[in-house]
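Note sheet for the following structure.
Letters A, B and C mark the chains in the order given here, with residues in each chain numbered from 1 onward.
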Amino acid sequence: MILLEVFVYAGIIAASISGTLVGIQKKLDLFGVVFLAACTALGGGLIRDIILGQTVPNAFAKPQYFIVSTVVSIVTWLFYQRTMQFQSTLIITDAIGLGVFTAVGSYSAIDHGLKGSFLIISMGLITGIGGGIMRDVFAREIPFVFRKEIYAIAAIIGSITILFTHGEFTKLQSLYICFLITTAIRIIAVRYKVNFPIRNVNDNLL
Amino acid sequence: MILLEVFVYAGIIAASISGTLVGIQKKLDLFGVVFLAACTALGGGLIRDIILGQTVPNAFAKPQYFIVSTVVSIVTWLFYQRTMQFQSTLIITDAIGLGVFTAVGSYSAIDHGLKGSFLIISMGLITGIGGGIMRDVFAREIPFVFRKEIYAIAAIIGSITILFTHGEFTKLQSLYICFLITTAIRIIAVRYKVNFPIRNVNDNLL
Amino acid sequence: MILLEVFVYAGIIAASISGTLVGIQKKLDLFGVVFLAACTALGGGLIRDIILGQTVPNAFAKPQYFIVSTVVSIVTWLFYQRTMQFQSTLIITDAIGLGVFTAVGSYSAIDHGLKGSFLIISMGLITGIGGGIMRDVFAREIPFVFRKEIYAIAAIIGSITILFTHGEFTKLQSLYICFLITTAIRIIAVRYKVNFPIRNVNDNLL
């Protein structure tokens, strides 16, 4: 599981950077920036743990996650100009984060002894996108994930793979497959600008 | 309880349509629209279940609710222009939704073995208005229920009837009375444009 | 503990006034104003109780808190013009609220048998600032605590004192020390306009 833990930290790092950048653009003070980074990195797992009734949630039971998020956020804050030059790196790291959080979230439903594909998929989705939604609500934006590109769909398809691989493969293999598929779909969607349809209010579809 | 279940679905349908319309107006993509519809339809019950410590919450334990919400949302999205012609139907369906969610929510406190009128009323209110608040927060609006018309008050009065009918009547009768009163007050308030006072910042009331 | 309970009510009163003033400025109706006041006064504790798995949360188990909040909110609403003349009183009351909520929140983690300084500090912080964050999200503002002044830092420093005083002093003494330090830091920060750094997007720090 060591490699998985590495990916979890990759996800936390990516999400913390994204939260920090939004916080700086919204002119938050340093506390606000660090807090927004932590919400982005840990918010999805927090909501999932609350829904599954896991007390104390991981976000509070594992301070190492928060510490990593805070250090990353402060470094990003200091090196703001340089961070902005690595947009493509950020997109890849963010896609890794989405993949990791989705995989871990889907499996956490199984670990809680829950059955039913709906629960597994929805916990994967909420863990994958919950942090970004929290970030955008606090930054007074309509959540990014509701507006643009194949983001949630990547998490949903990834979660579905868990349904098919669980039991057939080891837990670790199952997590990796979900992670790889989610991340790949997300990167391809950004690369080829694949978007989900938006309904034009004045269109007359039917 | 079959008729009650029919009303629950009426509530889910009404809330899903309202979430979909807001999502389209806010230019969300199809995923965002479907997600916003589900939040509107299931959000109030989700918050109530989290507060009452019911894990897994109904919103995740009963996938049929989500499926109905999603189908309704996609159909509304496809037939957007036509939906807009039925404003008055929507207001009535929405009032039915408020009544159903309030009744079911108030009773869920009793079903959890909780005593005290405050808990019963507040669970009815949160179930009744929580979904709409979640919809408006995600859509970056000040929640509608805080700004206009007799909406929450209808839910509060409805919940109070549960206090008086519980024990005197069967559960089903009690639910119906709450539902009818809440829905009736809401429809009358819309019909006669009854509003709650708003304090003018420059007024000198006292 | 009687004096502590007095301070808890001071905190609820201060937070309710602040919620009411924001609600009036945002043109909410009377229900919205009262609801926003209750969120501001009880929201931090509610989020903490949900995270710690305490069902039913205090906000619902102790109706007297809600009743005080509602009465204060209605009185503030009626005497709006006069309230505005007491800005400096408000700042001090608000600082008292922050101090009380932080102290009570930090200690609630200990009361739940939780160990680890991270949990104690984070529960103090969330209880201290959670209500204000909820108020600002519903009022469609970027949370005040993310943007300005030494607010969260006062709560964090206050919580840290609990770590050192817990076990050395009685519970009540420990709570008072945390309360006094948090409130003092907050008042000094306002008085001398001490702010946390904000990163200028065009600066080139490093």
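To be clear about the criterion, a contact is a pair of C-beta atoms (placed from the backbone, for glycine too) under 8 Å apart; a residue touches a chain by one contact, two chains touch by 3 or more.
Everything quoted here is computed from the prediction, not taken from an experiment.
Peer 1: Under the over-half criterion for shared residue numbers, do copies subunit A and subunit C use the same patch or different patches to meet?
Peer 2: Counting which numbers both chains contribute, under half are shared, so the two copies meet through different residues.
Peer 1: Turning subunit B onto subunit C with a C-alpha fit: angle in degrees, nearest 5?
Peer 2: 120
Peer 1: Mind checking the centre-to-centre distance between subunit A and subunit C? Centres are C-alpha means, answer in whole Å.
Peer 2: The answer is 29 Å.
Peer 1: Which subunit B residues sit where two or more other chains touch them?
Peer 2: 50, 53, 137, 140
Peer 1: Which residues of subunit A touch subunit C once you look at their complex with the stated criterion?
Peer 2: So the residues of subunit A touching subunit C come out as 23-33, 35-36, 46, 50, 53, 55-57, 60-61, 63, 66, 77-82, 137-140.
Peer 1: Would you mind writing out the residues of subunit B in touch with subunit C in their complex?
Peer 2: For subunit B paired with subunit C, touching residues are 50-53, 114, 116, 118-119, 122-123, 133, 137, 140-143, 145-148, 151-153, 195-199, 201, 203-206.
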